[in-house]
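Shared between the two complexes below is chain A, which has chain B as its partner in the first and chain C in the second.
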Partner chain A sequence: MTKRKNIKPKIAIIGLTSCEGCQFVMLDQGRRFLDWLAKVQLEEFRLVEDEPILAEHYDICFVEGNPVTKANIKLLKEMRCRSDKLVVVGNCAALGGVWELKNYASKTRAIKAVYKKLKVANPDIKEVDNFVKVDYVIPGCPIDGDEFIELANQLLKKGSFRIPQNPVCYECQSRGYQCLLQQEEICLGPITLGGCKAVCLKSKQACWGCRGLFDGAQVENFMNYLLKHFSREQVYRIMEVFGARDTILKRLEEMQGKKNRKFGKSKVNKIDNKIKKLK
Partner chain B sequence: MKIQINHIGKMEGHADFVAEILKGDVQSAKLITTEGARLIEGILIGRHFKEAPIITSRICGICPVVHKLSSIKAIENAFEIRPSQQTVKLRKLINLAQIIHSHALHLFFLSLPDFFNIENDLNFVKKYPKETQCAINTRQWALKIIEVVGGRAVHPIACEVGGFKVLPEKNELKNLADQYEVVLKNALGLANFVISIKYPKFSRPTTFVSLTNSKEYALYDGDIKIFPSASQSRIIKAEKYTQNIKEIEEPYRAAKSATLDGEPFMVGALARINNNWQQLNPLAKGLLKGMNWQLPQYNTFENITAQAIEIIHCLEEAKKILRDLLSDSSSLRMGRLGGGKSKEDARLSLNLIAGANPLSCETVGVDAIEAPRGTLYHHYKIDKNGYLTNCNIITPTVSYLKNLEQDVLAYIPNVMKLNPKKRAIKIRALIRAYDPCIACATH
Partner chain C sequence: MNNEIQVFLNKLSEEFFLFAPQQDGAVINIKEVRDIGDVDWSGRMPTNTWKALFLPAREKMFDISDGRLVKSKTSQPKIAAIGVNVVDLKALTLLELVFSRDVYYQERRCNTLIIGYSSSWPNDYKKYKIFSHNFEEDILEHLIFDIFIAQFAVGRMKIYSGSEKGQHILEEGGIKDYEHIEFAGPISEKGPDKKMLLLKKKMESSQGKRIWHELNKICIACGKCSINCPTCFCFDLEDSVDPDNPERVRKWGSCFYNDFSLVAGGGKELDTVSKKIFFWYYHKFVRIPFEYMMPGCVGCGRCSKVCPVGIKIEEVLKKV
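This part shows the complex of A and B:
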């Protein structure tokens, strides 16, 4: 019995600055989550235990939230050093979270609206992969419970996972939900990574891209389409709410860059102008 | 001498505790929040009103429903619009479910192990499998309600200003209603377990604040009832809350705290029961009577018992609403504003969906709702085009933070003789009995 215990992988689940909703999605799986926990040696999860004593080594560390305070950054780097695999969980860690909105407006205005005297950390919000190497991402705001259990099990079994690279539209259509793009709403479903069962579309809420882009997303075509039907400001506002705007524009630039090499110079100038306009 | 407890676990968000003791007298007790500030009120400025409920629900992963509802209600108050009866019922239903699942989580997984000298929940779960199942079953039912009505348990989607984007199917509501008796049995199992525990003796008179409402045990709306220890209780209008309740900044934490007329005050399950216990549903009232409390109850450890009683009350209330929604055999109707009959109502609805401010002028809206941990306020100023120009949110944990510190200050002498480890366990237990949500407090 003790021998079997020893081979259980050592797990940490840590939270940086966030609403902790993704950790509650895990707990909300109830019995399923407890069953998963039985397969691992849970070394660090402050929602179930006091007195954190960091272990020397973890097989997998799940990181939820965004590094906002110095202590957040220190803990994140410390956990990276001690962990074989680092998995970021949720939109805050992967894309910045809704608080990244202040990057797009004014962070000085944001803090002045909240505090009169107090000085608190007010950095630009940056995704976890700006601080440490990230091995895997479980996306979403919040994460999907079924997907978490599935991916967490795959991690234990195979040591890795890959989310099928399909857009949200794929699940939206297969479930027969109404297409909101066709109803003249801005919906980022065509370029956003699926796996969420198109849960927002089920409630007739357009996709605002909380899970980030999938590999192979036709970002340029889609942007062209959106800008034909909506103002740039409208499109950007929607992309900003879940911190996706910077990622989408970066991917667009990369795609344009590749094209430049392929098509020669006249095309380059055209695309450059387009990017300038988008910015 | 200093008592320092770093990284208090098993609560929402991050905090440390420090007390300074000079010659046997406790000089100060501070809960130092270490959560990063997300500046939610700041980032809302310049955002459109339709985004506000989506953004503010991200304040808290355990009570997103109340943030969403309060945000929606504040905007509706600003626009002077009233949702349909059916919309209000559905909202009340998910608010009840929110309180049930938050309380069940806090009681069983965060607080109770403290009174069994078990530090790790997983050991607690192993030792009490039957009670664990009661807690899980109760929670899962409540989560399912939010999923069915709101579209998702954490950060629900379907509710919006004016009503719901989509409505639940009647058969889904019926399934939930059919499970009621079994869930109630589980919840009573949990509640009786909670009630059977002997909590530490402690008492410190304070002022209890909660919503109150002549029609029912106030959770979804009402006026503010202030119940001081030394004088008669009084009632003020919710939108006038700023006259008495003030937020203050303190140098040792990013979370603000609040005072009522300059004094600490208590909100949450214990405050609600002390203020409005006469309106509890029969089973819940029966549990309370069985406790033989002398009311008001000033032992904050009993906040845990109060939460258990509220779980039963909320279940009974949810049953009433489900029965009511199911009494009519036709399916639910898309809840239109007013009564949805006049042309004016239809025009208003369409405008709202398009994102227009129906008043076409700058307007202010305030809402107060009972969140699991106490009264929550959302307060917005909206410009003529529907964009937020100012915003204030006071969460329950902000409200009771000073009261919590006063309680610990008064409690420390009771545990001074214990060794540091045992003393820390006792102090943590009192802090956790409040069910603090530091993520909410810092927002």
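This part shows the complex of A and C:
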């Protein structure tokens, strides 16, 4: 695509399967969002349009929601082909969303409990990056309005997209909230990416990891700590609420794998078995 | 607290926002005073620190207009910090030194009145079990404060002024019976603290010791210890491009997070937990004593209290 100066970047905002809460957060920003829209050419905004018409090319495509249905997957792939940058928005798109719960339970039982009579497809829930390449992630359930405005503006400036890599603990403690982990509650704050202003902790609700891991999360030590104080079932249940369990265990495996390379083979096997048990 | 002080504080509240330790659920926290009767005079160590009054967790430094940085105009409220214990005064004395050339810090400091307090003078060091340095009898000469209220165990009370500002405010408040102590710099005439120097030496030769490997396996790098430490003063700078509010912000940082040692290109100096925690101790017990001749850890015990995995600084120091 050739680009001339003064041409506004073409933007698409699409929703797959989701509660649309994240798209509403964008609208909720009011004038700030409109100011941002003035700098771009909005081609698609699925929340507010009746009959979307696909453009040939987009500079940036924001994807909210999870590709659950066949139509979702088709649209997602189509948008990827037509877009320079693809940004996933919100927990559903980034980590699978609340309905990833059924991956961890029996999905046949889950579907029966919800759709008592109706026959519906019952696929495994997979994050967007299982289908297409993802360039950037704006995390959270829902996303944080201030952070969205900041990042959306950064995206218009080439190459400056960055979320400070601090855990939720940082925001929780610098705001003076009480630590729930020290009151025998499972709180995923120490390994979860901050930026949400620790809203949950403000209301004395433990962090369940909706924003996913940050760079530097000490998953291995944290997991050991949790398993010393809580049962594996308790820990997994909390990690499953926002679909973070698979990501966390994958990072754990990577961290342990990295260590293995430093040891001999027998040790590797031992740790492998440990990982298998963990799963 | 006796009537004279109550009346004095009441008068003070006409000019200043008062901050003091107060009961907050099960703990003591420093917060704004709504009712002078709420101030906690028990001398228990507050859970949070005073540093936020001088070094906010998030502070706007510059507005960015047309790509240029313009110092943000902020008017600092007048604040009286009431009931700062000796250990916390020691921490503030260090911050004062570190930020002596920082306009933002100094603007705040100018508008703040620091009122120190001891509930059991001069036995606070025993009470708080201070492990990082020794108690010196002339300690008040080497701490910054405007006013200091010393409650002796036997019930007697003595008031000191530590600055002209303090003197002035005491006089205005009708308190005539006080002694003035001239600040003689942060370091005692006898030289740097012996215990501090001993710890420095131990730390310097501790690299590779078993304790760091042990901590590598348990510390979760949550950074709670450094956020709650009264002397941790590191910060990150963050630029925002939000057109409504383009700004440069300074916010508390922590050496436990990767951003701390991240350099352009993505390399990180501190890439393991053991490096991070070693760096933290090394800064407190070697580099700060080296640079400022003052202990980088005042021994308040907050970091031990907030650590979710139970790492106790006193115990670690025994093992280095």
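Here is the rule we use: the second predicted complex is superposed on the first by the 263 of 279 C-alpha atoms of A that agree within 3 Å, B and C clash if a C-alpha of one lies under 4 Å from a C-alpha of the other, contacts with A are read in each partner's own complex, and residues count from 1 in each chain.
To be clear about the criterion, a contact is a pair of C-beta atoms (placed from the backbone, for glycine too) under 8 Å apart; a residue touches a chain by one contact, two chains touch by 3 or more.
Nothing here was measured: the structure is a model prediction, and the numbers come from that model.
When the two complexes are overlaid on chain A, chain B and chain C sit side by side with no clash. Between chain B and chain C, an angle of 100 degrees opens at the CA centre of chain A in the superposed model, to the nearest 10. Between chain B and chain C, B contacts the larger number of chain A residues.
Using the contact criterion defined above for the overlaid structures, shared-chain residue A:221 touches chain C, although it does not reach chain B.
In the superposed model, A:170 lies in contact with chain C only, and not with chain B. In the overlay built on the shared chain, the residue A:203 is in contact with chain B alone; chain C does not reach it.
By the touch criterion defined above, A:42 lies against chain B but remains apart from chain C after alignment on the C-alpha atoms of chain A. The least CA distance from chain B to chain C in the superposed model is 12 Å. Overlap of the chain B and chain C interfaces on chain A comprises no residues. Contact residues of chain A toward chain B in the complex are 15-25, 27-28, 30-31, 34, 37, 42, 46-52, 66-69, 71-72, 97-99, 101-102, 105, 107, 109-118, 120-122, 141-142, 199-200, 202-205, 237, 241. Residue ranges on chain A touching chain C, taken from their complex, read 32, 35-36, 146, 149-150, 153-154, 157, 160, 164-167, 169-170, 173-176, 178-179, 181-182, 189-191, 215-218, 221-222, 224-225. For chain C in complex with chain A, the residues that touch the partner chain are 25, 29, 48, 57-58, 217-224, 227-228, 236, 238, 240-244, 251-252, 254, 257-259, 262, 273, 306, 308-309.
Those residues of chain B that touch chain A in the shared complex are 7-10, 12-14, 34-43, 45-48, 51, 54-55, 58-62, 64, 105, 109-110, 119-122, 125, 136, 139-140, 143, 150-155, 157-158, 165-166, 249-251, 254, 390-391, 428, 439.
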